[in-house]
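What follows is subunit A paired twice: with subunit B in the first complex and subunit C in the second.
Entry: the complex of A and B
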């Protein structure tokens, strides 16, 4: 049985585990129909031309998480940003781990989707926001919607800010030979609210893991949301991340995506500007080796006047790794005075590495500023000579230059400890041993 | 200390240096002057080991050792330093960390332990004071957003930190206002000793008022066409290069 059939036929069994009378269930039922009709995207579709899910569909994934597996904090501590105090929403093989988590209802709600679905007090928020930003059409998003049951639920009321950043961590223990996970996150920052979130998926063994995640983020007027995705997973872990962001007037949403590891990563990052004077920032650092594959598909839809968007993606590709950057910007006719900036720079370290970079601009307004640029190249020889002339050997100098190339994307990271951590990962990844602590 | 014999160098089959002979002894300061495109920067980069240039005939000896087969970093470890005409910006690496890396790589190559942190800090403090560099400046990314003058001052700061045997200053005076020029020249003069040598490459006499050379050479069309003492620089300032070009053409 292929994975699509398995998923569709499992839906009945899934229904036994959820409240069928909840209005959300109607949404799920519609979604499974859409997935059944469309199936997994194939390379024939333009948007999936360079990323194939074929081999994943041949793996016999377990679809339903078993009960909670106990993990000791000390064994997984390194996957947390443990240098600072944070709220934590932790899932082990898709099941919430109360032991590793630290949630709150103190002025803000940092808890679980399963609670939000089941408790009446969250009903209104669910009705207003759930599945309102996510695509009703895209098949993998529908698949996630159909099986939506668990994930992070973060609700920040008007004028509030949680006391500390929030970490969402998905751990896979390898208890199953192959495990499919479908976390569903809902993040709402009401008017003038502010929140910082770090998300990470981590497989602890070499067993196959396939995560199809959907995150919806709503930013009210003047709200500020910082979302950091740390993708440094095992070589047998694959991730399709579907993130949908809806912004109101004068809100600021920044998403940073750090892609350093994993077998196959597809990031579908979609911004919808539903107000004026909005600022949307999309930044990414991708450093790959072996046969890793990362595909960034971004969409910024400028629907109202006087808004900005900033995209800056840097990639370093070694060995036989492959990268894709597809940046789509739509500027509606009424979205005058839009300022949309897009930049994608890549360094290829090997003849066998590949990058496909494609800007896609659809501009219907006539008074806008849209710029895009893409470079694919090698390191600057003059800079290399400069470092070597100071006594830094070629290998170290090369690493240092790549580090410098990737590093400037980190400037906008607002959690210093996270910045330091990512810096360290980048340095390790590039083999920079520069005799100082990054 | 440095002995260059009949040096030829070319890039993409175009010969730029056409037989240079130059001898620099320890304790000496040599100035190399000449019009644009005469090969001054090429000579500096070839000595420092820029691999872009094809060295044909000739040899470069440092304390009797042929540098030809040595990489830029190996030359640096042996005490060669080039102050760049256009220093490169390296975002994300602070001046301090860059210097620590450079110094410790050289020490490693010489079989020495890393320099202890307190000694390093002391040295950084001392040398930054010498160049009148603000402490805040040292935590900024290397050359990123630096003004032309700041970049040049930073080059000489690096020279002070690395204490080279042979320093080549490639148009260190360009982009400097008179105050910065004085500070930089003062820094260089304090680094002069009987054990090291300095080659100053410049278009103008101005810098040589502050860093007084023992010898002045004029490079034209890939060759040294005239050598003399510091008076030659004054003569060039007054008469320009045309008379030398004519002399060379004869």
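Entry: the complex of A and C
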């Protein structure tokens, strides 16, 4: 039985585990119908031209997570940003781990989707926001919607800011031979609220894991949301990450994506600007080796006047890795005075590595400033020579230059400890120790 | 602004197609529809050898299996391929040695277009192979060219007289099954031009062809084949205009360029098929496959000025097969009213040290949609490939759209690829600056549009640059120039 049939037929069993009278269930039923009609996307579709999910569909994934598995904090400590105090929402094999987590209802809500679905006090928020930004059409998003049950729920009321950043961590223990996870996150920052979130998916064994995640983020007027995605997973872990962001007047949303590992990563990052004077920032660093594959698919839809968007994606590709960047900017007729900028720079280290880049503009308004740039090249030989002539070995010199290359993106990270952590991962990736932090 | 965009827009909308007139020449037309008999009939009419008939039939059979492509960013009512007559030749099929014998009415047509042959013959030194409704009517300067060993004739003549050359090269760059429209063209092409430059010869003049669609309900299926042998050089000009007609007419041409070692081909196009009226009624569907193959140290340069057609679907491409070969693409695409253009290029880097340059300028006005779609591909063996692409769009009014779809696929680490694109409108400060210096707004807009397109206009041969500017005028505002 292929994965699609298995998922569709499991939906009946899934229905036993949720409240069928909840209004959300109607949304789920609609979504499974859409997924059934469309199935998994194939390479024939323009949006999936460079990324194939065929090999994943042949694996016999178990769809329902078993009961909570206990993990010792000391064993997984290194996956947390443990240098600073944070709220933590931790899932082990898709099941909430109360032991590892630290949630709160003190002024702000940092808790679980399952409780948001079941408790009446959250019902209004769910009705207003749930599945309102996510695509109703895209088949993998529909698949997630159909099985939406668990994930992180973060609600920041007007003028509030949580005391500390929030970490969302998904761990896979390998108790199952092959596991499919479908976390569903909802993040709402009301007017003038502010929040910082770090998200990470981590597989602890060599067993196959396939995560199809959907995150919806709503930023109210003047709200500020910082979202950091750290993707440095095992070579058997695949991730399709769908993020939908809806912004209101004068809000600022920044999403940083650090892709350093995993078998297949597909990031669908969608920004919808539903107000004026909005600032959207999308930045990413990708450093890949082996046979890894990362596909960044971004969309910024300018729907109102006087907004800005900034995109900056840097990629370094070695061995047999493949990188895809597909960035789309749409500017609607009424979105005059839009300032949209998009940049994608890539360095190829090996002849077996491939880059496919497709920066796309669709402009319907005339008084706009839209530009994109894309480069593919190598490290500057002269810069390398300069460093080596000053006694820096070639390996370190190369690493230094790559640091410099990626630094633009790191500059805007607002949590210093996270920046240090990402630097360490980059150093590890490049196989060097540089004696300073950038 | 003294001369507001509103006024400009109004003027643009009411601008009638100046070249819309219909020449009354009796035509010899095949019945509508397409089947194997029609393909055979076309081949018979052209007195073609059996291998050619077979070649056409193969293409036709392949075409029947194919589906019309839908990926382009254009919407239109699909042509009814059975409602088209696939062959229409001017009745009094002339074979003249001098222009005097040509039907005066036909000459009149060209005079109205401002490209009177005799004038060109005298002044510009351009040899013109005129293609009117698919059959080559007059070829000038053939004798001068023949002295140098250059073959410049209609493709049907070439099939008869130089079958070895045609057989060797036709379909090698654009295979007959390449795509839906190329296959259709391969099956039914009625005529076109053939050009062969022998080894080491530098063609002394610009070669030129004019296309016109004349007969109602006839499709134009041109086939052009240019072969530049080792170390030769040729500059080839192609221009298109079509009379005003209400039905959409179909134009599905194929152009193949072959530049052998050290050869250089410069191919320039001015396309001004009827774009439809201001309600978007009528106009030509322009679905063209153009591709060039570069061997060692060869260079192919495409320059195009696209102002016409209701729907354009055109990607002049370069296959950079030989080491050190160079591909260039310079394009201006202007769309107005309801025109839709999806145009761009493909640069396929296969050889070492290959270079390509892409400069694309899109100008959209009215309710038109203008898309750039390009592919830069570097294969894993193409060491030191270099590409520079620049796509700029200019928007006039907020009812039109400008789109960019660049595909970049790189498999070699030594490649250096740069791509940049910008979208903007004519700046008010720019106009103000001109006004301040006593240049009125109308002239200022003209100045800015001209400056915007200059990089491409500069690449056109002299004779064409003038006409191209004229076309920009007609398509945009009547004040550019």
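Note that the second predicted complex is superposed on the first by the 434 of 438 C-alpha atoms of A that agree within 3 Å, B and C clash if a C-alpha of one lies under 4 Å from a C-alpha of the other, contacts with A are read in each partner's own complex, and residues count from 1 in each chain.
Basically, contacts are C-beta pairs under 8 Å (C-beta built on N, C-alpha and C of every residue); 3 or more make two chains touch, one makes a residue touch a chain.
Since the model is a prediction, treat every value here as computed from it, not as a measurement.
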Clash or fit (per the criteria above) of subunit B with subunit C on subunit A: fit
Contacts of A:383 with subunit B and subunit C, given as first, second, both or neither: first
Partner chain(s) touched by A:407 [first = subunit B, second = subunit C, both, neither]: first
First, second, both or neither for A:394, with subunit B first and subunit C second: first
Which superposed partner A:364 touches (first subunit B, second subunit C, both, neither): second
First, second, both or neither for A:375, with subunit B first and subunit C second: second
First (subunit B), second (subunit C), both or neither touched by A:136: neither
Three-chain overlay, closest Cα atoms of subunit B and subunit C, distance in Å: 14
Residues of subunit A touching subunit B in the complex: 380-383, 385-394, 396-397, 400-401, 403-404, 407-408, 410, 423, 434-436
Interfacial residue positions of subunit A with respect to subunit C in the complex: 46, 333, 336, 346, 348-378
Residues on subunit B engaged by subunit A in the complex (per definition of touch): 45, 48-52, 71-73, 75-77, 80-82, 84, 87-88, 90-93, 97-98, 100-106, 109, 114, 141, 158, 162
Subunit A contact footprint on subunit C (complex, rising order): 71, 380, 393, 395-425
